[in-house]
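So, here's a batch of structures to check.
Look at the two complexes coming up: subunit A is in both, with subunit B in one and subunit C in the other.
Now for the complex of A and B:
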């Protein structure tokens, strides 16, 4: 049985170092081709006709005028008359023409008649939502009534966050091209190995006929897992026209339909003893996830308060289709919980760091990690020096406040297959049907392969972004790094072992006496006895080594992954916020993120993930909201002028500290995409309160 | 200031050596100039096509041949000076510089994201100044005799300009979709301000948006690029 375990700390030449992402140069020189940049010979451009109504039935569709428009080569009805529209911006017809402008002109000539139906686009309180309010069963734990009766202090508050959207800078979309019954799809997707099947189903062709290509992609954040209606329509247009078609969503369409993160609002009551021990939680929450009910939110977050009562009501709205948004549900639950707990600390008159530490046992398995992270974060933000009770007494109109938030995420590894080829000329390829969303997946794979084979990074060619490579999971839930790390480590170890087995006889030793280090195959403890990697590979003659490795399980408890990856991280963030009490402008001054994620493969891109998560958190805490108009049922800000994202000047000072080394490395690799985005969004509302209350608000 | 498009009697609205040449010397469009440009020339062109028959595309140059005033709505032949080369294209007057670069000239480094002058992903340098190419009509770029620099013109394929290299080393990119725009904005910024302080850099490039959250890396990259450009390390 091969030993796949990660090399010990002293023996790692690449793992854990700061390595620049491999696709950095092709990106920052503008040379790499994204899906949006695909330009096939004879390619047509697709545009869609969208419903202006939030809820309606399609009565009739007339495409005759559109078909006669200049440059039009194909028209495809995406939703037949009789079907119901459930949000404004839902696609009805697609048109392909020689130029984008012509396609847009033609789309405007399509005549669709609708029967308008009543809609609801706001996440109003359940009492105002009529039969669109769908209450879930009440959940209790312990004895909340008794706990609240006995509580020495209780605090109440209402907290919430609105619906936001993904706003990937590369819009959703694809280019499609047929060759007979075989379809090639260039897709901006998080799921290279997975979407072919959806295209095949939609087009009624065998799944094996679809090839998906995504060498790079411009952001997904959870919204790009499916073929989508526009994907299938694009392929249908291409079939009809007999030419390749590219159809990317326009920005307004993107913001209207390509992902809504559910909102949540909650009336919360928390009970505690005077010494700060939290004893009881109750929450009445509601929110919208579009037309779906979803489950009951798992409140309170991170802190397992012993006595709880929770009621949740889903409000069905025509806000648009919900898509997973980085760390699904966690940011919302985090915000509500942390805000309520900080209010509690304020009422108790206790420093919240102290209160969180006092109750840290309620965080379960990770309590030691959280305690260490709280201390580190407090040090980095100078909590002792800067913290003051609610209400900034300092003179002037700028009031400051500090806040804390804790988060958690699972991770683990998705199923992944990796093929490793060692060629007689010494070159190495690792191939996986995975994708790099900008998270650094490609670089991580290369680091692991090179580390395992004792080669420099440049010696390894990483092949990803093509569904013809061995199947690997979609990139969601921070499972990619786990999945591809384990499969790559196994495939490259297996390949190396084959090579060593072939070399051992000529060196007169057993296989396990050999190692691959520094571009050489040599006898352990006797480096002079060996040969260069190239010489070794030359001995393969004409037959390359082809080995595979697998991550076959999605939980970290299965035997095949235990040595390499695991799941479950903590993470603590603290922020200092300033409020101008004359203008109401809220500014993030400083944010400190302390994050664990097991064994870090590439410190540089790992830190970038955390910075990025924090900034996305700041965006939704201070700037973002999908604003809906009840009158028309439409999104009022489907553009980047009014759908606000933070700019470079809005983020204050950011400090990231990764927890690494003993106690962390042994846990193996754990994903990092979701965790850092969770707390940052929770940090601001309570900070604003902290700054305003008493001294501030006057 | 850039001039109005030439009348359609000319096959090529941009006539070299004509009065437009002086426009080139005026090196570049500030944001304010740009507003004027759109508000002036842009509107003039649009007004020209807002006639009843103009709303129907197609006949294109037939009208021009018939000696009618105004250009379009069909394609007009223009010459753009891009990365030091003259490029002849036939485009409808309504087509933006961004779309011509991407769809006609296959220069896809500039990205289309908001298409409304908000995000900076489409940034190119026109006569020395960073502009949003999604908010400039291609015919205006031709008529202003502008020198258009796209990211592809920064360095030969396979080589990295100092700014691009600084973005790599400081990991100022994740998905990278915003990156070419940031790189071009950074280049124009450093050309105008070769010695920025960290305080200045904190808010520089405020005209570009990144969804992945690379701003911390971008700040470092701008400072690093400034040093490289001074040190000739490109």
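Now for the complex of A and C:
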């Protein structure tokens, strides 16, 4: 009998190697079709009428002129008169026409009357937000007053970051096609198994009637979990027109409404002893998450400072709907905490690495991981050589500074089901209703199946991106790799055990004496006694093996957890930043990311996740902001021109180091989507300060 | 995009009658890198689009006794790489500053000079002068971080987007404009104007004229020139402030100087005070910094763009220092 548990280090043929993603060639050559590329026979294009006002009541809607426009086949009112608009760009009417241009032109002929209402679109200080300021209850731990009184050193500062968007390469949207009462949706979604139900509810059809297809998708980062109003409207248009309809968001609409990350600003005070022991934290924070209050942010981040007082106020604004953004809330909290702690180190005149190490116990269970990672990161960025107290004394207008940041994330696997079929011709299929957002999920599944069955990677066909496959969780919170790894490992092990059970009698041994290695089924310790995989499968006659596997529902946590999967990782990043003190232009020169994520299935795609996270972090640290205009209530930069993202030349050198081997591998597979983006954004703002202070700001 | 009639003339004589006599009726299409987005966003909605890419007389860079003729259809990439342009570093550097190869290969000299402002209120449909329903400009109390710090007494607050214009003006270039009644030449320094109403445009071109050539006068190759751009990003982005300078040096001293700021005013902004401050001086940190100071004397920052004053000051200083260095050392923004 083959064992579920992951093979020992010496016995892995594929797991942990550097394997290129399987769909790389078809993606880079454009052969694979994204939702955006879907082109069904007779398909129409949908476009939407958006509210120009940030808050208003819809008084009336007249679609007559639009209906008469050339090419128009269906018009769907998405919000009835009388309903309230809560952000500019909110969808009011959808139109389907023969071409995109016709649909766009027709949408402009829809006449909507609004009654404008007062709005707020800026995350102003609570005092200026009137009744839109919603304070949360104060939280305290320990005795902050006493701790601050006794602190030998205190430091104060204000830190924060703006509302940003997701900027997925592929916009939100879908194509929909009816066949009687059955609906097929090609959706750019993170949730293949899950969104069908939402479509069904919106359209009042049985959930089983909806099939969702997402063979590949161009990024979601947390913004693509729902059917969305435009998804349902798209299906309604298709029903009315009796033809397939595709409706993808335009880039401006995408940036206006398809997701925003809440802002946060905080006035922070930190107290410490002269030797660097951190004793007290207080923060007064505010920010906006649109019209929702959210909870109280869990400040300080990672370091559990013994005495704390925290007050948070949510400012309700008409910026558009907030959606989970890669590692929800962590980047903002990380930025504020790390900036404040680095200011503290500066005031104490201590090297921040030293100060972080001194207080590492406050990070709890992961403290050993962090300590090892701090050491590794310091070595890779040459901290000892490059670090200097604040204020770069080097001549010239370019000043440099180093920064440091710690982060954590859960990343336990989600519920997932996998079906494995071994066919008599020797071919193998693994099927899951999962999706590959571009992270390498498909490749990871293939690696695990091939490893388990002792086959080469090419021998396994991976079926994902179709809701007809066994249910698998949505890809959020770094839950996918854990979920699909465990279910795939179990399904393929179960299938293999069935095969071994069938082969054992003919080889005259017990099942548990057989193994599948190198494309053969053979007796353990006696490789010559056995047969090729193909020969073995041929013995199945006409009946393929069908086995299933599930992810266990509870994920063990913590560094000592041992199972196929667990959760709880730590990462350390360090950066070297240069600033031109005459212009304020900041450039990231080098960023080192050291990360653990348990057992790594594919080192290459794991590293790619970290590179991607770092790049995303650099983007929001240096450039991104959803710029809102208080006068008009609109987003002023819903384009890729003034919504600034880094280009290759802006990113600097990235160095990624994955913590692997003993101490990490035994914890099983843990998710990696979120962690690497958390620290990168925290690395720059105060580094700039560090470089500027005493460096001679112009 | 609103449906339109598309014309593809093969010669100037065919092209000119196709143009309308009022702005808004017809638009000229060159590389289309700006016009297409304007049309897609319904900021302009022409009834007819006249593609001038078939006009061969508008191509190429040619030396004549009066100077260098640069055809309006010459691309930014040609400008950046062509041999004759190496004599005019300010211009080649300005072209190189547009860091997208796609835009440099499609975008043309004529299009760069005639492109419309990037003011986000204009681009969102509030008109060239960015006014609300009551006629009040949205800029002074709005988001004006990228708007003008000079020449901003109103009603225009946008910045002229052309990176080539300051360099060309510093080099003393003029534009040739062709209409049905023949051609006229306008110094580029006089080509740009600050519109007083939404119906006006940002230059003296008439709706039925085509900008056919830009002419750099003979002798300009003797000038020491440079462009310095302050850019937040290296990847494609708009500069925050730029300066182009062209110096006539005699025995290590400035005999005459032209200094033009870009992206800080509704038109490329000349800096005569800065020019004067350099007369008879050598170029060094001190004189260059003083010129930078003089260039922004009249600046009146808006609520959110005070930082641009410092950037303009530094751009002038660095452009001067770059121009005074021996040739082939480029000046480029960023760190």
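Rule of thumb we're sticking to: the second predicted complex is superposed on the first by the 685 of 698 C-alpha atoms of A that agree within 3 Å, B and C clash if a C-alpha of one lies under 4 Å from a C-alpha of the other, contacts with A are read in each partner's own complex, and residues count from 1 in each chain.
Here is the rule we use: a contact is a pair of C-beta atoms (placed from the backbone, for glycine too) under 8 Å apart; a residue touches a chain by one contact, two chains touch by 3 or more.
From a predicted model like this one, the values you see are computed outputs, not experimental measurements.
Colleague: Check whether A:490 is in contact with subunit B, with subunit C, with both or with neither, and answer first, second, both or neither.
Modeller: Neither subunit B nor subunit C is touched by A:490.
Colleague: Kindly classify A:239 by the partners it touches after superposition: subunit B alone (first), subunit C alone (second), both, or neither?
Modeller: A:239 contacts neither subunit B nor subunit C.
Colleague: Now for A:101: first (subunit B), second (subunit C), both, or neither, which partner does it touch?
Modeller: It touches subunit B and subunit C both.
Colleague: Determine, under the contact definition given at the top, whether A:582 touches first (subunit B), second (subunit C), both, or neither.
Modeller: It touches subunit C, and subunit B stays clear.
Colleague: After lining up the shared chain so the two structures overlap, which partner does A:647 touch, if you call subunit B first and subunit C second: first, second, both or neither?
Modeller: both
Colleague: Taking the superposition on A as described, I'd like to know which of subunit B and subunit C A:612 touches: first, second, both or neither.
Modeller: first
Colleague: Who wins on subunit A residues touched, subunit B or subunit C?
Modeller: Larger number of subunit A residues touched: B.
Colleague: Output the subunit A positions appearing in both contact lists, the one against subunit B and the one against subunit C.
Modeller: Subunit A residues touching both partners: 101, 105, 639, 641, 646-649.
Colleague: Write out the stretch or stretches of subunit A touching subunit B in their complex.
Modeller: Per the stated touch rule, the residues are 20-21, 23-25, 27-34, 36-37, 39, 45, 70, 99-102, 105, 167-171, 216-219, 221, 250-251, 437-440, 604-605, 607-609, 611-616, 619, 639-641, 645-649, 651, 654.
Colleague: Spell out the residues on subunit B that touch subunit A in their complex, using ranges where they run on.
Modeller: 57-58, 92, 94-95, 99, 102-103, 106, 108-116, 118-119, 121, 150-152, 154-155, 157, 159-161, 163-165, 167-169, 171-180, 183, 202-206, 208-219
Colleague: Can you list the residues on subunit A that touch subunit C in the complex?
Modeller: These residues of subunit A touch subunit C: 101, 104-105, 108, 398, 578-580, 582-587, 622-623, 627, 629-632, 634, 636-637, 639, 641-642, 644, 646-650, 698.
Colleague: Along subunit C, where are the residues that touch subunit A in the complex?
Modeller: Interface residues on subunit C, with respect to subunit A: 1-3, 42, 99, 118, 120-121, 123-124, 126, 132, 138, 141-143, 146, 230-238, 307, 310-311, 314, 333-335.
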